[in-house]
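Shared between the two complexes below is chain A, which has chain B as its partner in the first and chain C in the second.
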Partner chain A sequence: MLRPFRLEEPETVKEVSELLGRFGETAKVYAGGTELLLAMKEGLVHYERLVNVKNVKGLNDVTLDDSMMRIGALCTHHQLETSPLLQQKLAALVRLEQNVANVRVRQVGTLGGNLCFAEPHADPGILLLALGATMVAQRANSKREIPAEQFFVDAYETCVEADEVLTEIQVPVPVRNSGVSYLKFGYLERPSVGVAVALQVRDDGTSILDTRIAVGCAGPAPKRVREAEEQLSGKSLDEATKNVSKAGEIAGRAAQAISDLHGSQEYKEHIVGVLLKRAFQNALSQYRAVQR
Partner chain B sequence: MSKAMLRRADAQTIAISFTLNGRHQELAVEPNELLLDLVRERLGLTGAKRSCDVEVCGACTLLVDGRPVSACTTLAFEVRGRSVMTIEGLADNGKLHPLQEAFIEHGGFQCGFCTPGMILAAKALLDENPNPTEDELKHFMHGNICRCTGYKKIIESIMAAAKVMREKRA
Partner chain C sequence: MQFEKEVEILVPREKVWNFIWDVDRFITCVPGCKEAKTIEAGKLYSATMIEKVGPFRVEFPTTIEVLEREDLTHIKAQASGADNKIGSRMKLSLDVKLRQQGEKTVLGFVAGVDILGKLAALGHGIIKRKADQVLDEFARAVKKQLEGDS
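Up next, the complex of A and B:
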């Protein structure tokens, strides 16, 4: 059962931030509610006030600005999985969104809510890390841009302050000669391991110019693994392909996997390696498909 | 304890109007009232079932503006200004919907507990994609769980209904 709470329905980001500032920890932003309401029904958390942000205009658009995709924090997973613009420019994100939870959760759950709730078993943060995304958080009179790498702090914890509102997710559109892949493994709807690889190949096609690797779900928060990237970046395609197992071992350890009903720590670390190898091959195949 | 006694004197109420199975409704809800409780307890439409209560099983599926939602985890006030369909609203003047006909014809249920959710989810699928492949159907429907049938008959039922609905449109 859901304990009583008051509902606030502000219409601007400024009003949202002021309400959050005034009521502090007794209030919480409410968007799709697909995760928050579950925790409240279970009695794991309680808030005296929910601040419904869905009446704030302008937070549910997907627009392309030069080579920067701007995704409003209130965009639902369904909106993203059906966005023609994303399909054209960020197909890896569309594929991820098509496989978030189930059709009902995708219908109402928002990307911003997913990121702010920071449930460890969530997909989007992992891919956004590999894509080098930036989160925009606003207060009544200020705005800051948070690199995805700083956004996630711990399980259920981000660096968004109590009176800040996540308004936009900015994703640089992958440049030419690139490939992006996100793969997950899990039982039913809950991913227990997620791995994202974004890579860019040098113009002459001989070597990897840059790689970004991120892992998540296995541990408390999604994270980028630079040490694994170093195994691939700057290497010839053959050398990188040989090194990908090593990169997988490094990423597995970095995932801070925990043993639980979804598998042991060792098992999850192994799966990170398997998924990383496949994601790397997928990304490379995407690059090659465009070259043909 | 009765529901009335649980209500606090200072409880906030929200006046909402919406369409339920084609009929206009006006009522007041409290912020923490769930759509499933509103529909089942206050409006007496018990087709939607409370089962997992965590948006996983699909037994409480309702259509809001034609799209499936988990009524167990939807706040009732969210349907203001919108159109809600429950399984009770699917038949047209006593004539069953092609999906209902097909589930009977093809044995798409056994105990029937998941069936209202299955049929409403299938309706949302076929309204969006009248000619789904079996893979598309499975992808859309994977969040609706049936513990009796093994799904084969359900898939057959939906595919058969899709065919009938396409022929009707043509």
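Up next, the complex of A and C:
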């Protein structure tokens, strides 16, 4: 049963930050509430105050600024899965959002809430890592940009400070010579393994200019795997295709997979390798399709 | 959940053994442990274990019972506690073994940890990882304390 709490209704980021600063650990940001309220109903956490951020204007827009997609932290998953702008510029994110949890969660759950709750099996963070996203966190009078790589600290832990509010997620739009793929594997709505690959091919089409690989769900938090990227970046397409198994092994080990009811550590590491290979092929196919 | 750890400490076995029974010093090595008390020396102790995973915090008032003891060699103990606020219980069985290896002592322990109740909703994997981290931190702290003394 949900224990009583006070609901604060600020209207600006400054007010939100001040409330969070004033009440410290006894207060928590409340956006969609799909994870927070469940945990509170279960009695796993209790806050004296929930700071409802849904009245704060300007945090649920999706806009394109040059080649940077700016996604308001309060955008719901449903808003993102149906955004024509995202469909056109960041189709991989749309596909991911279409498969987040279930329709009820997608209607009210927000991208910002998903990232800040940092549930280990949440997958948007994995793709955002591969896309090189930046999270914007604001205080009353300051703002900082956090690369996705630094955002996730551990299970249920991000680097957002107690009086900071995640306001925006900035995602560079992939360039023309690129391909992006996110694949997950799991039971029902709960992914056990998620792998994202973003690659860019040189203008002459002979080799991979840059690759970004991220893994998650298997371990405590999403993680970029630079060592696996090195197996592919700078290599010819044939060589990269040969090296992708090796990259998968490296990514599997780096995933910090945890044995649980959904699979052993070794099993999840193997699945990381399988998904990485498929995601790489998907990304390459996307690139080739655009070139035709 | 079963955990096995071994830590090599560059001090004689007697010193490690005495340290284990020095409650005030020993608890400084147990992450999240506070208010340890001796109820019956060598047999029964109490302590409060506090752990955090992200926003989730548990506080287990715990009773520790020593079941077997073989001087300088072996201790078998069990502990249990409950956090009534979040409706969860913790059970721990601990087998500690000491052996001298040249100038160093090898402190080995096998721990069986069971978390029951709502806390289990966090997922077996996350709890297992946390327990593993706590035991690693404990092993490092014991080594640091004892080797720092010598």
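Definition applied: the second predicted complex is superposed on the first by the 292 of 292 C-alpha atoms of A that agree within 3 Å, B and C clash if a C-alpha of one lies under 4 Å from a C-alpha of the other, contacts with A are read in each partner's own complex, and residues count from 1 in each chain.
Everything that follows uses one rule, which is that contacts are C-beta pairs under 8 Å (C-beta built on N, C-alpha and C of every residue); 3 or more make two chains touch, one makes a residue touch a chain.
Predicted model only: the values in this text are computed from it and were never measured.
**Student:** Here chain A is shared; do chain B and chain C fit on it together or clash?
**Tutor:** fit
**Student:** Should A:R104 be classified as contacting the first partner (chain B), the second (chain C), both, or neither?
**Tutor:** Once the two structures are laid over each other on A, A:R104 reaches chain B alone.
**Student:** Contacts for A:K184 in the overlay, against chain B (first) and chain C (second): which applies, first, second, both or neither?
**Tutor:** Touch status of A:K184: no partner.
**Student:** For A:K41, decide between first (touching chain B), second (touching chain C), both and neither.
**Tutor:** first
**Student:** Here's one for you: vertex at chain A, rays to chain B and chain C, all C-alpha centres; what's the angle to the nearest 10 degrees?
**Tutor:** Roughly 100 degrees separate the directions to chain B and chain C.
**Student:** Which one hits more chain A residues, chain B or chain C?
**Tutor:** The larger set of chain A residues in touch belongs to B.
**Student:** Could you look at A:R224 and tell me whether it touches chain B, chain C, both or neither (first, second, both, neither)?
**Tutor:** A:R224 contacts neither chain B nor chain C.
**Student:** Looking at the overlay, what does A:L50 touch: chain B (first), chain C (second), both, or neither?
**Tutor:** In the superposed model, A:L50 contacts chain B only, not chain C.
**Student:** Go through the superposed model and pick first if A:K28 touches only chain B, second if only chain C, both, or neither.
**Tutor:** second
**Student:** Examine A:Y156 and indicate which partner it touches, taking first as chain B and second as chain C; both and neither are also allowed.
**Tutor:** A:Y156 sits against chain C, while chain B stays out of touch.
**Student:** Would you sort A:D260 into first (chain B), second (chain C), both or neither based on which partner it touches?
**Tutor:** After superposing on A, A:D260 lies in contact with chain C but is clear of chain B.
**Student:** Between chain B (first) and chain C (second), which does A:F5 come into contact with in this model arrangement: first, second, both, or neither?
**Tutor:** First partner only, chain B.
**Student:** How far apart, in Å, are the nearest Cα atoms of chain B and chain C after the overlay?
**Tutor:** It comes out at 11 Å between the closest C-alpha atoms.
**Student:** Across the two complexes, find the residues of chain A that touch chain B and also touch chain C.
**Tutor:** No residue of chain A touches both chain B and chain C.
**Student:** Within their complex, state which residues of chain A touch chain C.
**Tutor:** Against chain C, the touching part of chain A is residues 28, 39, 42-46, 118, 120, 154-157, 220, 258-261.
**Student:** Looking at the complex, which residues from chain A come into contact with chain B?
**Tutor:** Residues of chain A touching chain B: 2-7, 33-34, 37-38, 41, 50, 78, 98, 101-105, 107-108, 188-189.
**Student:** Give the list of chain C residues in touch with chain A in this complex.
**Tutor:** 53-57, 85-87, 118-119, 121-126, 128-129
**Student:** Can you check the complex and tell me which residues of chain B touch chain A?
**Tutor:** Counting only chain B, the residues touching chain A are 8, 11-12, 14, 30-34, 53-56, 58, 61, 67-70, 73-75, 77, 121, 124, 139-143.
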